[in-house]
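Shared between the two complexes below is chain A, which pairs with chain B and chain C, respectively.
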Partner chain A sequence: MNSKKKHAVSVIARVIYVIALLVIWECVARSGILGPRSSLIFPSLEQIGEAFIKNFIKGYAGTSLWIYIANSMKLLLTGLVIGILLAFILSGLSMVSFIFFKIYDLTVSVFDLLPGIALLPVVIIIFGVREEVIVFLVVHAVLWPMSRNMLDGFNATPRIYVEAGKNMGLKGAGLIFGVYLPAAASYIVSGLKSGWARAWRGLISAEMIFGIASSPGIGLFINQMRTNMNNAEMYATLLVIIIIGVIVQYGILRPIEVNTVRKWGMTK
Partner chain B sequence: MKKKLIRNIVAAGATLCLCACSGNAATTGTEGAADQSASAAPAEINIAYQYGLAYAPLIVCKEKGLIEEAYKNATGSEVTVTWTQMSSGADINTGIASGSLDVGFLGVAPAISGVAKDVGYRIFTNLSGQEHGMMSRSTDINSIADLAGSNEQIALVNIGSIQHIILGKALADNGYDAHLLDANIVAMKHPDGMTALESGNVACHLTSSPYIFKEHENAELHEIKEVNAAWPVENSFIVGVASTELHDKQPALYEALCSGISSSIDYLNGNLEEVADMTSEYDGNTPEDELEYLKKGVYTVETKGIFTLATFMSENGFVETSFSGYSDLVFDNVKGN
Partner chain C sequence: MSKEALLQIRDLTKIYTDDSGEKTVLKDLDLDVEKSEFLCILGPSGCGKSTLLRCIAGFEEYSGSVSVDGTQRREPGIDRFMVFQDFNQLFPWKTVINNVAYPLSLNIKAPKAEIKERALEALNKVGLSGCKDQYPHQLSGGMKQRVAIAKALALRSPIILMDEPFAALDAMTRSGLQKEMLSISESEKNTIIFITHNIQEAIILGTRILVFGQQGHILFDEKNPMQRPVTPASEGYGELWEELHHALYEGSLPAKTSK
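Right after this comes the complex of A and B.
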């Protein structure tokens, strides 16, 4: 099978898979197997579709879902940029200093295990009750997995590459940019993907628990819908989260992967 | 090879769809069998409640097996009572709507929202009234009027919670729009809100017992009195809801449930010290503090103010349904207003 046909088959398979899931959902919703209040707790696709439109036109208490999405994306992008930059800087420094590597490796191992939400009381004391709390939780979600991937990638760099770089006169930042980063590119792209997913989930979770009404995010919208038993609107918002996730995954991260590590033959 | 692959994918999808569509028939059959054997099966009741002092009678009810006792006295049979602790009224509403819960104890505001949404329950008892209040550490904020039009942040547990409705009611009682301060709200759990207030990161915290008592002890904080006046301690805070299926189809069990809860409230009111020892372990307070807090609560089966609250919620857009009377909210046996 040539690559074009392989691609076509994979697209068809995924389309059929999605349609099958939707059909299953609709069958469950219409069958009433979840009891007499099935339509309330497990709305049909039609109800969810109507709610999807309603979320954007009417929103909640006069505020459209667009506003919630814009606020969330602003905080997410801020947190992502800070998290990725910190991961690059701190992981890079770890390759320059052995002591720094040992300390940072321990830090990553410890903080990667801590759920951001558990840190909320401390974060409130440090940052106050502001949007920065959410940004911090996004940075926390992205920094540690991204750093772990980068450290693993740097450590997996063949010794001969590093020695060759040094023989060519590279040291410090030159060695990082000239040898370590290109050699660990597949790890970095993988770290970007998992960092993005962790950040997106972390953002929604944080907003569900810590909701600032003056700059409301998608998590707060979901919470409001849950509280008011507007389940169709809640599922429609989950759909929005999925759509944004898929757009980023296939519209941004995939092209980065295809044009870098795949093009260079580092992954399949 | 290609055709075979596509055929396999299509077949797999079709199989999944057929399985799902035939699920109804299969389940209906199972339900039918279950119904037939229901009379022979021992009675069961699933009850969900939440965490805290306001639910103290339920700890008594659970520890002393009062529902089991009432059911045995009435019918001579055993009943299995399953208690589940859940984290929010919204989860309890979903549990009852899905049929996995028969009974839930939750704040009066989510209970009214549940009735409005036709979750399939009514209020069958009041459980407790508790102290609510809004504390501030800013010397510039001493009344609702000082907050109106400001951008000072107010921490409370959730938008749509009873604390949010009380804030709206305090505003309305003082001549303001009930949603005037909605944009000032920061939704966070009670302990986080207390931390935020005490560290000076929010101007106000609207909370309930026991956090309000802990904040009263802090000399740097003062209370905005209109909030407490909007929903005093005598008014219903936590209520019990029972599914209409339980009420209509299992009257003996419903009666035992009401009797068990009533007995546990009576027991609590008559044995405060013993109950404080029992519940302090669950609530994380010392027995002495627990006793003080229990004395400040009102534990009774009679509801107070719920129709007024439901009407307020309806008139101010917190729920989309309007209620014609108290009986829209409660089962016939419930006393109060």
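Right after this comes the complex of A and C.
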């Protein structure tokens, strides 16, 4: 009962907080206290709302925002799948060979520190201005944090699980799939979370820096709005980015967490 | 010894090497355990009881030999199944029934339904079939230990190794589990090697009792003369308790008074 009440209070507090922010925004927008640039920095909520709808109906250059979103999502998904698979394979191999583990551990530590954007010039030289560049950056964004978490998770597997596994006849790959992977579940989930967050940000940044004519994405859309001083549309697109992020967070990642580590009582 | 024992340990020597140097934990240990025996091992802390079980289970490297039914065993296998003292030996990502069924499915080729059936039967024997769909984190310590025992029963492991499985339980749960172990050892054919610090537990459960000194030196090794079920009021309990206590604490046996 008490925790329910606490929950209700926290929800109300957050709703009030958001409404207050919107009210302040609208007041600033209407007062025009920032002078001539005021309407650029603070377009009214009404304008942003209209722009939000316009983005989807009219879009830019005759193309709806939906198409831009779809393009981004396609590249993002490709990169995520490749990155996550690679993380599973390479981290799994690290459990088989100690030498491989040492080498991969070093690789992960080094590349985890490199922002994808900093690699952009090199990657463009290699691939040219093509979709592969974006996919590469997404893979880069997700592979290292995911691998770091998996390696840590494997190494933190309690010895008793490993021995229990061996006692029931598990060896080699069986031990990895039957014991190490599930035992590292909470690490893998947090790897997914940070990998996704980095990939999503990396994707938008890369798209803003260079647009690919053959498959323009959300980042390019924002940039176009900026160059054309369509600031209401730009804010509306930022909103879309936040909404997609929230959907992934609560529609995909959260259910994964609830149905695995939480159900198993394994959250730290 | 006329017949070959089920478990034969010969010249078992275990040396741990760490920063501080070498440490001989077990030295030239010979031990035979007969089929269906309930062997209780007592011994001071650090004398190598856990190490012996881990060697038998195949978790450690050692010199000497461990044979089951005349065949040497160095690797872990389900013919020697370990029940650990640690409650967290169940896989938290599997339900209770799946914790019991999983080792089965790895080792026998049978339809899923049959495996579930056998797992459920084992859970029944430890009185936990009602919790089959719960996850380990929803169980108490005593219940977790029961599930761990059910795993061994379902596998029909000829040898069950138990390293102080009830040591961390409260007295009431502990005596409940002792009763269960008694009835299991009476109805099943498993051979059980059971380590404990508790003299009473050894007398109640064991059909044979061993007391270890340092380096796995055997100070006492006798069949339990008492008729089951044993209570502290049973005839001869006091004498046996004294004898074991003395062996445990003085490291030697009292001079036996000849009759």
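In this text, the second predicted complex is superposed on the first by the 251 of 268 C-alpha atoms of A that agree within 3 Å, B and C clash if a C-alpha of one lies under 4 Å from a C-alpha of the other, contacts with A are read in each partner's own complex, and residues count from 1 in each chain.
Everything that follows uses one rule, which is that a contact is a pair of C-beta atoms (placed from the backbone, for glycine too) under 8 Å apart; a residue touches a chain by one contact, two chains touch by 3 or more.
These numbers were taken from a predicted model, which means no experiment stands behind them.
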Which of chain B and chain C A:102 touches, first, second, both or neither: neither
Contacts of A:182 with chain B and chain C, given as first, second, both or neither: second
Partner with the higher number of touched chain A residues, chain C or chain B: B
Which of chain B and chain C A:166 touches, first, second, both or neither: second
First (chain B), second (chain C), both or neither touched by A:214: first
Partner chain in contact with A:266 - chain B first, chain C second, else both or neither: second
Partner chain(s) touched by A:9 [first = chain B, second = chain C, both, neither]: first
Chain B and chain C contact sites that coincide on chain A, given as residue numbers: none
Sites on chain B touched by chain A in the complex: 1-2, 5-6, 9-10, 12-13, 16-17, 19-21, 23-24, 27-28, 88-90, 93-94, 97-99, 110, 113-114, 117-120, 151, 153, 155, 158-161, 179, 182-189, 191-192, 195-196, 199, 201-202, 317, 319
Chain C to chain A touching residues, read off their complex: 57-59, 76-78, 80-82, 84, 86, 88-89, 91-93, 102-103, 106-107, 135-138, 151, 155
Chain A residues within the chain B interface of the complex: 1, 5, 9, 12-13, 16-17, 19-20, 23-24, 27-28, 31-37, 40-41, 61, 120-121, 124-125, 128-129, 209-214, 220, 223-224, 226-229, 231
Touching residues (chain side chain A, partner chain C) in the complex: 158, 160-161, 163-164, 166-170, 174, 178-179, 182-183, 185, 260, 263-266
